[in-house]
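Several structures are given next for inspection.
One chain, chain A, links the two complexes that follow: it is found with chain B in the first and with chain C in the second.
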Partner chain A sequence: MVADIVVFIGLWLFHLCSLLAKEQTGIDFSTFEFSCIQHSGNSLDICQYVGYLMRNNIFTELIKSRALEKDELRPLYMDFQATTPMDPRVLDAMLPYQVNYYGNPHSRTHAYGWESESAMEKARKQVADLIAADPREIVFTSGATESNNMSIKGVARFYKAKKNHVITTQTEHKCVLDSCRVLEAEGFDITYLPVKSNGLVDLQLLEETIRPETSLVSVMTVNNEIGVMQPVEEIGRICRSRNVFFHTDAAQAVGKVPINVSDWKVDLMSISGHKIYGPKGVGALYVRRRPRVRMEPLQNGGGQERGLRSGTVPTPLAVGLGAACEIAQQELEYDHRWVSLLAKRLVQKIMSEVPDVVMNGDPEQRYPGCINLSFAYVEGESLLMALKDVALSSGSACTSASLEPSYVLRAIGTDEDLAHSSIRFGIGRFSTEAEVDFTAEKCIQQVKRLREMSPLWEMVQEGIDLKSIKWSQH
Partner chain B sequence: MASCSKTQVILLYKMLIKECKKLPSYNYRTYALRRVKDGFRENLHDDNPKSLDRLLNQARESLAVIKRQASIGQMYSAQRTIVEETGVHRDI
Partner chain C sequence: MAGLVAKKCITPLVVIRRLTYPEYAAQAAYHKKVVDHYENPRNVGSLDKTSKNVGTGLVGAPACGDVMKLQIEVDDQGKIVDARFKTFGCGSAIASSSLVTEWVKGKSIAEAMTIKNTDIAKELCLPPVKLHCSMLAEDAIKAALQDYRVKQQDIEIEAVKASN
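Then we have the complex of A and B:
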């Protein structure tokens, strides 16, 4: 009897909370309640359920992220390093293969298969032309993460008997670092090279680190957080002279800077579809044939894609990737000019009006469309929330869940407080001057407002050197 | 040649601009208008009939693509972006 009353009161409170939450978040919790009651039958289950919600901070999670209302205006998209909108021409190329030409490209016996295969081969040629490779050297994958995993684990494991050393840098993408960590657990020796304070790899250090047991060097072409472009040609030359395979994660560089795999002496290159205005869920891996790069396949099966990546190649996605690569090749110069123009406009506007702004990464050796600025004496998350009309990011999407500042900024040696207050502006093909002006103005306005509220800023204005303060412990 | 006459080119340009304005998405619309204008301006002094033919065919294909994509965009429309509402600046 008492238990029933407790349950009743509990449910009533829960109902009240859900109504309140509905107002705040726009999400209807009544279906949660109903299914919860249906599944459980006693008060214990319900208490456990509420406990689960509270432990996992589901309410706070839901309050932060919500879908836009019907008449709300959409924020501006300035996060082109996270992903890019699909070019309408790419969608136009993909649609026939989603609607009518749905055959499996590996079916050899009928027209559906033949037309699908010819589309896939055409896409392969388009991707190869962008990087000056041979079409037989391109393998379609599910994205740059899979390509990175395949190349690092595949090459390292194949040459494990004689060579067990792999070199990479500290600013690589998480998938590269995680693959290396897995290899370490298998018994490999990995060196994570430090980078200079401008984000570039020290070539002298790289040469010294290469040993006779080194099988692979992996250095990304353009960094996705700070936008620096590594000296890939020199690294390729060093690796070729020491007979070491060179893998580069070119997800952010393909279609944005001119690439020639022969000039660069690159043996493996990862390409991502959704970074070059193509579809999500597809990528490619360039695997050199002369001199042949051998690797252990990660995904076994029917032997598709030269046995390196078995599985049906998704024709619509491959066609989309091919179209995106062809468009990128045609528009490379035009887009580069436009992006450089907008980037210069944004940086000049912000830096001229707001003092104490640091641009992370080398100012010359960079891709202009990725700008990472650190605003001193302002907290990054609060600035992002204040700029909620603009879709920005502080660091890469794959690390934004944790509270720590980005490891890339830590690797280039930024101070903790500057690392916490960094924002990444991404500019792309579809950005406009109006968007850039709006972003710059809002940024300046919010930084000034947040600084006025900051006691640290007050102290700096009075001339106190913050590093000389001895903060007392409580 | 008829396909390379000045009036044909201007007609094609006007049709392209008209269709570009029908794209519902702000970013696609601004890009298409800018690209079409720059594309025509860049080839203004091109006299070679072969390359002109190629460029005009490219323009006609682009026109078809833009028409289809404009319909698709209208079918799956979303809200407007902040910058489209000129003169309305939201405070925090």
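Then we have the complex of A and C:
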């Protein structure tokens, strides 16, 4: 113990002296090559010994363990639909473009610009290859929200003279619904198609809703709340036959399910970087060239990105997105198998031990990594609080400022009390079996505990039908 | 020179301290009183609904995401001797109802009627979005007391009828 204290103080004094020496003489001892000291014995021993002293000192250990504790004891991450951690390979690809190859890709006159531009074009090709598109059809944006805004507002406004009708669904992402609301205020006619109770769009209804004045249909590929996958191929076929542009928000689908924009007859597709283990703040928009999709640009300026989205393309972010897409293409099948395995494990475990659990959304037509379960007679937010060691998300009201449950659950017709009881589990590339097992066990345990505290569970056990009770409206 | 030395001495300590105690966003998490009531709820359970000393209040609606059932047992002197609750609701709702059961124990009926939702909210430091939980808890205790009073009136009416 005494030796530890002595060594620690000694090292601290050495650190101070080296800092002072740097100020006075400019010699930096921290990177000083000890090997150039002519010392009897192997010069490596000194470094190793100093390192050994520092590592095994009780103070450095204490400091390290306190710092690590705060980091290691963070909750398990099971919210892959909200965002995903960046794959380390993506970070490796991005880093040179942050500090070394920092030129503006639109600079025509020097090597910095040329190397940046070639990196950007390489990234464009990587993104295009993932969705079987041509690189000239990819536009880099700041994310799927911007891509959605661009495509909906841009296409609708361009064809405003002859066509003023846009069709979308009630389960779209907020950015799509809000863009449509803005268009309504501008005088467009928007139809928000209802969905069936399994979350899928009724194709018959879609065909009937398309009019000669329809310019755009927007249906997302994979829903971010309940995970259902829409019949995109059929919708594309219908739209192509009626000469209507088809936009799909594929933020949750890209890199997770195989996509082919020609087979699907998609005209516009939104891609998000941070949903496929890429960087945050970048996305892409696929805009078909044959037949050409015309749109009014939302962001004007120097005419970059075919004039559709002016502004300097952030090379490191674009390179990151490209790398993420390439990795996703290579690992798509493996990831899909892994995620399906874990999802089946989680759902089977929970549903076999806990009665009265409902999975929202179609059980077959879905992306397996997004599971939305409703635990009857238990409120979603209290369950989230109980599962504080797991990072999850809920479709319940209490997490939003208003007392209304999620609009997606309302659109698929979930009972209001079940809508308050839903939790979304997200599984991704880096999830492990141990995490899934822990989550399932904790979930089962806490649901049982909360049901003991629930008056609704008690009434159901006594045989009272909850629908027959007249509740006091608050 | 002395100042430089002092600054150089302090910096590693400050950095290490910042490493070891990263500030968590305390605002985003729950207040620890709410968490305490949630983790160790007091008085969860049920009393015999049919007993003449027990008043039951059931308020809220599953459609709103909040249902509270509060039961109180009153002795012959009009003092509340036991209280139990069951809640379907978020953490703040559970904490509010748990707190109310703690507060009413040992109070007389008149005193229990004076419990206000603002007291509950202040005690648990509820944020503005969660104030409706405290209001529901106040409604629950009032409903339980009302139910007890109605039961007592019915008993009196029965007694008067029987004596006639």
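By definition in this document, the second predicted complex is superposed on the first by the 390 of 474 C-alpha atoms of A that agree within 3 Å, B and C clash if a C-alpha of one lies under 4 Å from a C-alpha of the other, contacts with A are read in each partner's own complex, and residues count from 1 in each chain.
Operating definition for what follows: contacts are C-beta pairs under 8 Å (C-beta built on N, C-alpha and C of every residue); 3 or more make two chains touch, one makes a residue touch a chain.
Quantities reported herein were computed from a predicted structural model and do not represent experimental measurements.
**Q** Now for A:417: first (chain B), second (chain C), both, or neither, which partner does it touch?
**A** second
**Q** Just checking: does A:92 make contact with chain B only, chain C only, both, or neither of them? Give me first, second, both or neither.
**A** It touches chain B, and chain C stays clear.
**Q** Let me test your reading of the model: by the given contact rule, A:455 touches which partner, first (chain B), second (chain C), both or neither?
**A** A:455 sits against chain C, while chain B stays out of touch.
**Q** With both complexes overlaid on chain A, does A:381 touch chain B (first), chain C (second), both or neither?
**A** In the superposition, A:381 contacts chain C only.
**Q** Between chain B (first) and chain C (second), which does A:102 come into contact with in this model arrangement: first, second, both, or neither?
**A** Neither partner.
**Q** Quick one: name whichever of chain B and chain C touches more residues of chain A.
**A** For chain A, the partner with the higher number of touched residues is C.
**Q** On the A-aligned overlay, A:466 touches which partner chain: chain B = first, chain C = second, or both, or neither?
**A** It touches chain C, and chain B stays clear.
**Q** Touching chain B in one complex and chain C in the other: list those residues of chain A.
**A** Touching chain B and chain C on chain A: residues 70, 386.
**Q** Over in the complex, which chain A residues touch chain C? Could you list them?
**A** Touching chain C: residues 12, 15-16, 19-20, 23, 63, 66-67, 70, 377-379, 381-382, 385-386, 396-398, 401, 403, 405, 416-417, 420, 452-456, 458, 466, 471-474 of chain A.
**Q** In the complex formed with chain B, which residues of chain A make contact?
**A** Its residues touching chain B are 68, 70-77, 85, 88-89, 91-92, 334, 386, 389, 429-432, 434-435, 438, 446.
**Q** If you look only at chain C, which of its residues touch chain A in the complex?
**A** Contact set of chain C toward chain A: 4-5, 8-9, 12, 16, 19-22, 30, 35, 38, 41, 44, 46, 58-69, 86-94, 129-130, 132, 135-136, 139, 143.
**Q** Given the complex with chain A, which residues does chain B contribute to the contact?
**A** 23, 26-28, 30-32, 35, 38, 62, 65-66, 68-69, 72-73, 78-85, 90, 92
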